[in-house]
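First chain written, first letter: the chains are A, B, C and D, and each begins at residue 1.
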């Protein structure tokens, strides 16, 4: 039986059509886009077409898109780039306590280099309160970075409201939209962001490619120094096939997003409802409505996430846990703790993220297997009797 | 007629076998290597096999290879990483005046951040004198960065000698080996380097992938902050297909390098000799012997490089100029000027770099076309009459 | 690619994880070991029955990852039939080795199993007093 | 993909680059313009023959990039048959436009062409005095 993949938020397969679009750029149109002979100019042209497609997906202008090696580089270049370019203005950064590590670890790095970072709390649904952002702004604030859709619990933050506050306070505003781009409609002007991070492999594009939207006029020190590529905003020979793939994925998302989001929301809600009905002592994590169309995150009392994951894997179902199991640390998800979950519940959480190839049958299969697995694990749990 | 591509130093086509090796990792084994279910572990395994192949190519241990998004990121992370990690020890960096922009622009950035950089001169062949390195070392020196093979003129620097000096002085030593890896045999222990930069697309691997060799024990602040990937030395979801491609290219290079270098050296010398015989007032740039097997760099008196390049492109021959024509600046190659060439000669230089698909017939064709093109341009040159 | 590269754990670990031995409560145990806490994500309870200074039965209940469950299962298997003195000799490494090894980041689970056993034996001694 | 996206320059530029008009020396020119220098990589020499205040012939020699050669060729074409006064009206933009446009980083070549023409006319006046 084909495995049931429910970890689309970790990474998506590259769509076969995307791979097909990329192929000519490995072996035929392989030129360096900086070269001025025909081979290079053809590659350059492909690059610019991809840029237009990505820009189009978020309502940006072509020249505001800087390609990167992924979401992490987009986040790092946004935060470090603004920090270095605006040191003379101030050293204060505002972020949330539920950011992806690509933002939170970068903030920790900046703290060591003399920057002050405010980590705003979230409510039980994982929502940042725009009023908190407003209150946190000081004369020294140079950047606000609040993620768009949370990668663990799927909560969608009030970005447009925060954007308004940032604009009024004349503070740069960055959002990590890695989980949202290509999944829900985005218009950078409505959001009022200066910077927005994307990653191709979260929307059926290839791994190792991303982009940072940089609003015209935003001051930023480049992250990669070297050649004059990307209008001197990011050096290195452009990953032409990867970028072409990102473009193809963006175009496909633009076309299919509306219908697909509807389909996934339906499956998502069926899965949530099914679990809540079939299994006792569970809790839906994240906001019930303001939520990514493909995200289900549930805590199961009395059992630990990795043991659920492994049991599901044995049944051919791929999911992920809230806690970072493979990391050396045994800390449970910082996101869930920030939302007020107990350690026990945070350790017992499971994330299931749906995607293009998820079917109704697969959801049914999960709803059949999961109660059995939970029952088995609860039977051996020392916490159960309490 | 198929164009004659003589710009392999700018970028190589991805070898069809490499593309074939990559393909399954886009759509089938697409898992996130950090995931602990089967899909992810299979991807992880592919990653580690590629790491072993790349390590093997340069005589390193697997765990000393950190994958990056290319040569530029490898250079940036080496220089910035050492600088940040060793600030308390000193703030002095030694480099050469013929480095690739990925090193020289990073040095300029570090100078703005309080570091002191010594740019060593080179001789007429582009060689750095190891004695100069020795003399430049002070108690504050934390890093020496000298490239291995020069990307413009092909000169191979005395890396092992400099490595010995660095070791004795207990200073970290980085070499940008982007043009050498996969083209001539490399053993990091013989070179005595702590850090070595590579880029897959210079050896028939894909664009957007590279690696930094980091000798065990070398202190480095990570360049990309975020998740725990690459043993916390570089965050971001691993570019599995790209890395697998790099591995395949490394394996192929290991296998074919010896014979290929011989073949190219022969063609290279035929091309050089042919030009020197057929055209007057030319000069070979770079060292006649200590030179990359595939590099030909010639200055043509009285004519400008771009106009030669365009004429050759019209005849289906892709080459590159010493000067950065497409950049906004009109400065001629800093490398050639550092080697003592006049501005006129620096503007009149042409780089032809050979590769896997270069044939004897192609070289003959170039030798037929080039004299005609030079003659045509010289006939319209105001410098000619002098 | 061989099938076994695709799991984080050895075949033996997965076997014990799939079919853990000696799971469940014990009626009137002679000793109860309780280690771990929810903060670190692993809790083990180990029950032993002792006769003539020999552990005649062992059971466990565990909240934790795959390795925690497998080490619990393995340690209960290992102690059965052993004298208290012999049981006290069982090190975390011995448990891990019996499982065909553990990933480095999971070695703490074997430590927990050793501690659970010692805690149960302590409890046995304490109760006897 | 249309063929024309593959060249940095417009078709017109490439046409003049391929087949530059009015290349070469001129016997006894009435005015010689000399602009540019090896440091910036472009040198233009422009020669004019003047009769009854009208430029009856123009030639050039140029060391430089594709755009430099094309603008030289174009400007010599444009001045032929023009009076001195009319020739002085030719701006760098007019040269660039006549070539179907130039990439922004190559606009300086058209400036050079305009300067070369003015320099040749200056020389013509100077010689007449």
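Note that a contact is a pair of C-beta atoms (placed from the backbone, for glycine too) under 8 Å apart; a residue touches a chain by one contact, two chains touch by 3 or more.
Owing to the predicted nature of the structure, the values given are computational and were not obtained by experimental measurement.
Between chain A and chain C, the least number of touch steps comes to 1. Distance between Cα centroids is largest for the pairing of chain A with D.
Here the spacing of chain A and chain B, counted between their Cα centres, is 34 Å.
The distance from the centre of chain B to the centre of chain C, with each centre set as the mean of the Cα atoms, comes to 55 Å.
If you average the CA atoms of chain B and of chain D, the two centres end up 39 Å from each other.
Within chain C, residues 8 each touch two or more of the remaining chains. Residues of chain A in contact with two or more other chains: 36, 38, 306, 310, 325-328.
If you check the complex, the residues on chain A that touch chain B are 3, 5, 7, 10-16, 18-19, 23, 26-28, 30-32, 34-40, 68-73, 75-76, 100-103, 105-106, 108-109, 199, 201, 206-209, 221, 223-228, 235-242, 306, 309-310, 312-313, 318-320, 324-328. Of all the residues in chain A, the ones that touch chain C in their complex are 302-304, 306-307, 310, 314, 323, 325-328, 330, 332, 342-344, 347, 379-385.
Residues of chain D touching chain B in their complex: 8, 14, 17-18, 20, 23-25, 34, 38-45, 60-66, 68-69, 105, 108.
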